[in-house]
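Before anything else, here's the structure in question.
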Amino acid sequence: MAIQVIKDKCKGCGVCIKACPFEAIDMNDKIAEINSKCTACNQCVAACPFDAIEKTESDEVIDLSAYKHIWVYAEQRAGKLMNVALELLGEGYKLAKDISEDTKVYAVLIGDNIKGLADECYEYGAEGVICIDDPLLKNFTTDGYTKVLTDAIKEIKPEIVLFGATHIGRDLAPRVAARLNAGLTADCTHLDVKVSSYIDYANKNTTLDTSTLDPNDPDRGIKQTRPAFGGNLMATIVCPNTRPQMSTVRPGVMQKIEPKKGATGELVEYKPSIKASDIRTEIVDIVKSTKELVSLTDADIICSGGRGLGNADGFKLIKQFADKVGGVVGSSRAAVDNGWIDHSHQVGQTGTTVKPKIYFACGISGAIQHLAGMQTSDIIVAINTDPDAPIMEIADYAVIGDLYKVIPEIINDWDKAEDLYDATTR
Amino acid sequence: MDFQLTKEQEFVRKMVSKFAENEVDPIAADIDKEHRFPEETVEKMAKYHIMGIPFPTEYEGAGGDCLSYAIAVEEIAKKCLSTSTILSAHTSLCTWPIYNFGTDEQKAKYLPDLCSGRKLGAFGLTESGAGTDAAGQQTKAVKDGDEWVINGSKCFITNGGYADIFVVMAMTDKSKGNRGISAFIVEKTDKGFSVGKTEDKMGIHASSTTELLFENMRIPADRLLGEEGKGFKVAMNTLDGGRVGIASQALGLAEGALETTITYMNQRKQFGKKLSQFQYPAFIIADMATRIEAARYLVYYAAWCEDSGVPHMIPAAMAKLYAAETAMFVTTKAVQLHGGYGYIADYPIERMMRDAKITEIYEGTSEVQRLVISSNILNK
Amino acid sequence: MALKIVVCAKQVPDTNVIKINPKTGTLIREGVPSILNNDDANALEEALKLKDKYPDTFITVISMGPPQAKDLLIECLAMGADEGILLSDRAVGGSDTWATSNALAAVIRKIGDFDIIFGGRQAIDGDTAQVGPQIAEKLNLPQVTYVQKFELSDDMKTVTVERNMEDGYEVIKLQTPCMLTCIKELNEPRYMSIDKLFGIKPEAIKVWSAADVEVDLNTVGLEASPTNVFRSFTPAPKGKGITVAGDSPKELADNLLIGLKGKHVI
């Protein structure tokens, strides 16, 4: 699989050089030449006005059929399942049924005395639970968890393994993937197995030309879509020749299913072989932060402040606003970089991805990496003095005005919204 | 002909630009308002060896060249002319003459502290009655055994209130005019030395401009810098180099003013259009950018001459003259483009215009530069 | 005993400056500066702090990329590192994280002796956070990711770190040699120092080929990478919304509330 320039067709126009995100094309004697920085991302193929660049797919066939079923690493901390694990069970169930009727989704529980969490996994869509229980696995350690999970994967051979892109998932997954020599895609925001559903997704949400894709393609390999370049570029990654296919998925992106009370499934108790000397790190202490935990991912309403606040005090108004509307406080990277608010509030590519019902962007210009973390919000309200700020391009409601004047009025009239609305419909 | 900067020069710009962005820009408006000398910034510049760029490492200099130094001054001046003034006076007017004219003993004694920025330098030539006319010096130095006894005063001395080491001109033989001037190294701890009043200036509020007073100040004989009676030569040579520093400051200030004006013009809307979409303001931007580019080549050429041992008196005078007038042109036009916002302190351009004026005055007014240039051309 | 430290660094485009051409939907790279990846600067700073404390510490910065990435090593040396090694070879081009970690692990094996490897948590162009742990795996080292605080015992054998978690942190102890990936909370990276910049000796920056590090060519490069880019595209902008009408702040606020109520979202 590689990108090639068809020399007879190349006119030396240089469009591909500009299109290439990786500076991987040079011009030699008016013929484009692909250099070693190429990642086969395909941008140049699409950009070339003369169809002079092609992508050659490798036709090597490897028997991957020994691998079956989808595993979701059901991350628990201190006996409590993480939200993202439940989200992934919902997604995993959907993907499993897209692969085939008899493909199942399994939750993988690792810990000490955690069998009790199996029921919750079933309720959220797991058809089976693989339980890896040992006192040495009480707390997460890279060495311990990598060993037992790798052993289980080698033995049972799942087709796909999904992890939440938490600080633990992002520590564990790459280590496991490296030990298995398997492909891993980080921080995915969308997953498909059927080509037809990928086409649907792409047509609805992207500028991608899908005419070259066949909706009846029998391929059921996972197509993992993720942002790159600070959200400026989206890439869909596949893992054609290795198994299992592994992804970490950003928290807050996938949908939990309505829990099915009393649901049950197959329990696989996997006996780990682990000894204390396998674990080379010692957890001396686990400190829960005393600062208020901002659950941006769970919030229905987020009130975010940015550079336009002008100073740290501006967040007092944002806090009042959030308190009034029952939301939580978010922020742009600029506000965090200025030291106005803690990083835990940051929304965006390097912060939290959020999907609230309403996102109030107050004094946020809408740098692309901020948009990357909030643009799938149901409703976006932008309050900004600059009508040309990029945030206005994606806002459902653009309020052009001074946030210090408008927000107090919203706070004042929030409870009267119903009356105001009724007055207009009468 | 090669217009490419060296790798080192590019990296000096990258480093100082980041430094100026993070350390200088955030406080520039405040120190201007408070008339506060930014000691903390000087300390940070010292830490990263910005205070001794064009001097050899044996004296704890950075081992760089004059063009790198000019680029550093330019990058600082983009954000704050006061801070660049401190750097420029220290490097060009104090460290440079000691490096150039000092004995091995003087260099060993003073340069490490100055190049590393542990100590700050200043230069004393101007007196209330002697600016451009150096021979009008009233400060007198009289030899008394193994000591010089100096009496008199200096005014408008940059870094005056904060410097530890001064290069000071004084008359050792009044009858000889310029040939009666000698240069001395003065330490702030010398008995009889004191700092007089601090000036309240139109601009560069954060730089310290003071009087220096010498009352029967006795200093050892080995503080004479260069030969007796050759002080005018020390001063003139120092000012030639100093002009490259001031020219770099003016260049940086003009560039900073252009940058902030472009940002403003892309934000500000009138009649439903951005200012940058109107032709008149856009053409002014073209004029500003073109003059800045011309100034840049004059400044870099002068610095290159200094590095290459090519006589740099005329290139430095031209660079200083043109860059200073460019700074004044750009900032004045920039204020106009800002309209009312240009006249209030909320926007940096107000400070920049006040600051720009000094570049046409200190280290040789524009008229002196014209004099130097014209006499060189006409008297050939 | 002098400490030997390896720092993994990457040259990345400054993603804060990248813009999209709205007409073609492609990235505009012109004028986008290449920078030392943010988290990697924290990794180098932590190594430099050790050198401040123990001046005979030897810091080697390694990177992989095209020949221009030497600039990154100049920057690292100007900050205070002792040596820079760039793995530059067509054979390693297009590597995914697995293949990259194979290549960088080979570089570190070639260097031989070391006490600590510092890396950034992730690079801002890819944001994967995978290469650090995968290097550790290939070298069979214990790892801690998301390091926000670091301490080395006086005998230089035991490392105590704070590992940042979403809801607090863990205090973790481990023995050298080990791999640590750093986040911005760890420290404030210093600037380049002008004297160090001018003092860089040409021989302090080495460019190695795949053959130099004796890496198995079946484990590096685009072909060997288990993950492939299937398609790539730019995110579609959402349709333009409504500009809320109103002359006063109160009118703006009320009209917004009416709109939100009408959509049944409040």
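First chain written, first letter: the chains are A, B and C, and each begins at residue 1.
The rule is short, and it goes like this: a contact is a pair of C-beta atoms (placed from the backbone, for glycine too) under 8 Å apart; a residue touches a chain by one contact, two chains touch by 3 or more.
Predicted model, so just to flag it, every value in this text is computed and none were measured.
S.K.: Report the chain closest to the protein's overall CA mean, measuring from each chain's own CA mean.
M.R.: C
S.K.: Find the chain most remote from subunit B, comparing centres computed as mean CA coordinates.
M.R.: Farthest by centroid: A.
S.K.: Between subunit A and subunit C, what is the gap in Å from one C-alpha centre to the other?
M.R.: Computed from C-alpha means, the inter-chain centre distance equals 19 Å.
S.K.: Taking the mean of the C-alpha atoms as each chain's centre, how many Å separate subunit B from subunit C?
M.R.: Here the centre of subunit C sits 39 Å away from the centre of subunit B.
S.K.: What whole-Å value do you get for the distance between subunit A and subunit B if each is reduced to the mean of its CA atoms?
M.R.: 53
S.K.: Can you tell me which residues of subunit A touch two or more of the remaining chains?
M.R.: 387
S.K.: Show which residues of subunit C lie in contact with subunit B when the two form their complex.
M.R.: Residues of subunit C touching subunit B: 71, 74-75, 78, 190-199.
S.K.: Show me the residue ranges of subunit C that touch subunit A in the complex, using the header's touch definition.
M.R.: 13, 15-16, 18-20, 24-27, 29-30, 65-66, 89-94, 96-98, 101, 124-134, 136-138, 142-146, 160, 163-175, 178, 185, 222-223, 225-238, 240-244, 246, 249-250, 252-254, 256-263, 265-266
S.K.: Under the stated contact criterion, what part of subunit B meets subunit C in this complex?
M.R.: Residues of subunit B touching subunit C: 7-8, 11-12, 14-15, 18-19, 47-50, 52-53, 57, 60-64, 68, 72.
S.K.: In the complex formed with subunit C, which residues of subunit A make contact?
M.R.: 1-2, 18-21, 23-24, 35-43, 47, 58, 142-143, 146, 166-168, 170-171, 173-175, 177-179, 181-187, 202, 205-208, 223, 227-242, 280-289, 293, 325, 343, 349-350, 357-358, 367-369, 372, 375, 378-381, 387, 392-402, 405-410, 412-414, 416-418, 420-421, 424
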